[in-house]
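In the two assemblies presented below, subunit A is common to both, partnered first by subunit B and then by subunit C.
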Partner chain A sequence: MENIITVKDVTFYYPGEETPTLKGVTLDVHKGEWLSIVGHNGSGKSTLAKMLNGLLLPNEGAVYVSQYTTGLPDDIWEIRRLVGMVFQNPDNQFVGTSVQDDIAFGLENFGVPRDEMVKRINESIERVGMEAFLNQEPHQLSGGQKQRVAIAGILAQKPSVIVLDEATSMLDPIGRIEVIETVRELNEKEGITVISITHDLEEALSADRVVVMKMGEKAAEGVPEDIFQQRELLKSAGLDLPFSLKLSEALRQQGVELDKSYLTQEELVNALWKLA
Partner chain B sequence: MLQNVIIGQYYPASSPLHRMDSRSKLIAAFFYLFIVFLANNWLTYGLLIAFTFVTISLSKVPLRFLYKGLKPILLLVVFTMLLHIFLTKEGDLLYKAGFLEIYEGGVIQGIFIALRLLLLVMMTSLLTLTTTPIDITDGLEHLLGPLKKWKLPVHEFALMMSISLRFIPTLLQETEKIMKAQMARGADFTSGPIKERAKAFVPLLVPLFVSSFKRAEELALAMEARGYRGGEGRTRLRALEWHQRDTFALLLLALLTLALFLLRN
Partner chain C sequence: MEGTPFERRALHDINLDIADGTFLALIGHTGSGKSTLIQHLNGLLKPSAGSIKMGSTELKAGGKKQDLKSLRKKAGIVFQYPEHQLFEETVEKDIMFGPRNFGVSEETARLTAAKVIEMVGLPESVLQKSPFDLSGGQMRRVAIAGVLAMNPEVLILDEPTAGLDPAGRVEIMELFYSLHERNNLTTILVTHSMEDASRYADEIAVMHKGELYLHGKPTDIFSEREALQKAGLDVPETVQFLQKWNEKSGLNLALSKFTVDELAKQVSQSLKKRGN
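After this line comes the complex of A and B, so read on.
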């Protein structure tokens, strides 16, 4: 499978710190996949995210995006265009005074001509379903709506990858679903690669692949079904198991005859009502 | 209580003045600051008053909004007027009581100065009443653009302005949240002597400051992630459009200036 991002043997120290935040991390991101990077606070997952679009540069190793390298000053702007990033706090990434101004911000930075800009704004706002809010001001929007505007701003730049850096952790449940569904549609229909950084394993359940980060190192990598079987590893990485998994385990301990531990609520419910 | 705060004093309406380009309005308001000083007799002041009131009625801004803008300076106007009335000793003596002498020239001078101040404030208020803060920022950025040659950070200044404008409601919301949190823990912002009340604001301002710095840092990161690298090579979504009415308005102002020159003493 073709790689869109390659992280090669990356080690990174924050200035003035003795222990590296990332220790020899190697990672391939396939084109069009949904990759979840999970880990506890301080596991280095957010630092890793900032490596992907050159906000931070590795002390050792290299990060390649398509044919570009984040360490090269000539490549950095094309990388930032290709790899869009949605941050945690919806308010602190809203630059414009209105929705359309905010979507335009990235385009203005890349010197897109005005006519083209208007076209792309209208097109990308539709793709996130916010066309009715074009002239609204940020304080009139909910958190989930602001995050969708941020996604529209990235879409307008015609990216290949969207990185969600804890983008749903400050949202209410409705906002969370709004954002995840928006991104899922882009991932499935338009083949945009999604990298979601999260400490919420529920969110990682639906990923194509999961990478577990622990103390600045990659502790595991694989499809969710395999990763979630490694309970000890997840616990040692400080992660809380998804609810349905915990429930199926508890039921099994109580003597309920389930074949295995189920990842999603639906699977678990299906198994439960089939019990004799 | 805080949601009632309006940013700036923009009065939304659809009028020829609202539709004017912010650049022409800025130029006109700035120019007006100078030509007001040309008036020095009843005729020229009459002309200025007529011009100002025609402009006001064109703007469709209700007079009470203008009055709001005038209120803070009324005291100053009255004070300067009295100062002139009592201290200028020209023309016929009108009234004398002890050391108090009022001359005809003083009264006229006092009225002229008061008129001058009022006209100035009315015209500049009209600028902010008919132009959104963001349009004023854009207009200023364009007008000051040539100063970039002398390394003046015009683009950065304009971006700072527009980001500040964007964050005012956000920070107001946050202030309210912190206020409620402190009130829930027994803080009292509304009663007690002024010193106590001022003290009560410290636990409000400190978290607000801390969070503003955090916001600034995160915003800078987000801007960088979206490819921001200064004003060089940037295009703009907000386009200012200079129409015929803008040229016409400036021509009218030039005509007024000419008339003032001809009619003044």
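After this line comes the complex of A and C, so read on.
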């Protein structure tokens, strides 16, 4: 498996702090995967996200993106182009006065010529399904739509990786689905690597791999089927169990003889039907 | 902004009675008018037409300023990210600020601070600390204590768990629920989470496009899945699962409570019946 990002023995202190926010974190991100990073508040997961495109730099260790290193000033712009970030608050990342100005902003910063710029704006806005809103002002958009514009702005830079830093946590359920579906399509159809920092366990369940952060350290890493069976680990990391697992356990306590805990409602309904 | 081009009717013809001691969940997607509604409930906004009555206090369109003040004393609002509003040098001073502003003596305010800090589950020793030396979760509790210090008759919570991890979310919601239970405190919870609404509320009001769209007991509201989906919402996971099970098994089970345990009980009983 080819790695697009490698985090190697990274330790990080915020200025003036005595305890590190990240302690010796090592992590490989595979090209084209959907990786979810979960953990309690203060576990270091957002700090880790900011390491991935050099918004923060490690005190010890290193972060490699493709053939580049975040600690090298010569590499940083190429890294920022390759790794786009979508943040939590949709209102804090809208800089333009219209949707197309907003997407153009990033391209201007990278010195993309005008003809190419127009082409890329149209193309990326279509990929997030927002072409009808090209001339709209930000305040006319919903939270989910703003996040999709933020994603279009990233797409216009032709990135390899999109990092969602709790990008759906301030959205209502519809906005959340809107954004996740948009990103899922980019991941599946175009092979863009997705790293999603999230509290949404149902979202983490559908990831290719999950990393659990706890007190600044990587507590576990694996496929969701394995990670979400580890009840004590999840609890000690301040996380809840996904619904279908909780229900599987409760059913067993009621004397229903399930052979294992199921991750989705459909699987659980089918397993129960076989017992009936 | 009446009489300007920005005038837009955010709420329309809302009629809602909330009985003393109720736990009401106010649900709706972004822009549905729920935040505007709660700002009317404590007189941060005045109605353009109609009136708000809380106990013996009534605020009419074009009413007096005096009514605003007494309404504000009756209704305590916990805003989103309330910890952002802490400002004093000690926790005690911060909590005393509200009561002192309403003319309570220093001595009484101090006693109140000691009482409410216990109500939110923090040790008295926290009172002499700077609020900025506390963890995020503790800061949120201090901010909530500040609202409780006003001895409100109605507690209004505007997405009080936003930004917390799953464990923190349960902790804060259990805190509000025990305050409600122990003191018969009328509570209005503004939320996106059907799960929270189903777990804690006696009544649910659904806002959609500035109007009161549905209002009733959880059992009634959750039997209207299609109507909820039209408003960008859905029934809780327990109800979703039971629907799937009913479809598969041809049964017609219904929930009276919406917990995972209750669902497990219903499903396991239906299995036993079939087995006999």
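To be clear about the criterion, the second predicted complex is superposed on the first by the 276 of 276 C-alpha atoms of A that agree within 3 Å, B and C clash if a C-alpha of one lies under 4 Å from a C-alpha of the other, contacts with A are read in each partner's own complex, and residues count from 1 in each chain.
Here, contacts are C-beta pairs under 8 Å (C-beta built on N, C-alpha and C of every residue); 3 or more make two chains touch, one makes a residue touch a chain.
Since this is a predicted model, take the numbers as computed values, not measurements.
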Discussion item. Tell me the contact category for A:V95 with respect to subunit B and subunit C: first, second, both or neither.
Written reply: first
Worksheet item: Looking at the overlay, does A:W77 come into contact with subunit B only (first), subunit C only (second), both, or neither?
Response: first
Worksheet item: Between subunit B (first) and subunit C (second), which, if any, makes contact with A:G255: first, second, both or neither?
Response: second
Worksheet item: Who does A:V112 touch here: subunit B (first), subunit C (second), both, or neither?
Response: first
Worksheet entry | subunit B versus subunit C as contact partner of A:A104, first or second or both or neither | first
Discussion item. In the overlaid three-chain picture, which partner chain does A:K31 touch, first (subunit B) or second (subunit C), both, or neither?
Written reply: neither
Discussion item. Just to be sure I read the superposition right, which of the two partners does A:M85 touch: subunit B = first, subunit C = second, or both, or neither?
Written reply: first
Discussion item. Does any part of subunit A touch subunit B in one structure and subunit C in the other, and if so which residues?
Written reply: none
Worksheet entry | Footprint of subunit C on subunit A - complex, ascending | 39-42, 88, 142-143, 169-175, 199, 201, 235, 238-240, 243-244, 246-247, 250-251, 253-256, 265-266, 268-270, 272-273, 275-276
Discussion item. List the residues on subunit A that touch subunit B in their complex, please.
Written reply: 53, 55, 77, 80-81, 84-85, 87, 89, 91-97, 100-101, 104-114, 117-118, 121, 137-139, 153-154, 157
Fill in: Parts of subunit C lying in touch with subunit A, wherever the complex brings them together
29-31, 135-137, 162-168, 170, 192, 232-234, 237, 240-241, 244-245, 248-249, 260-261, 263-265, 267-268, 271, 274-275
Fill in: List of subunit B residues in touch with subunit A within their complex
134, 162-163, 165-166, 169-170, 173, 214-215, 218-219, 221-229, 233-239
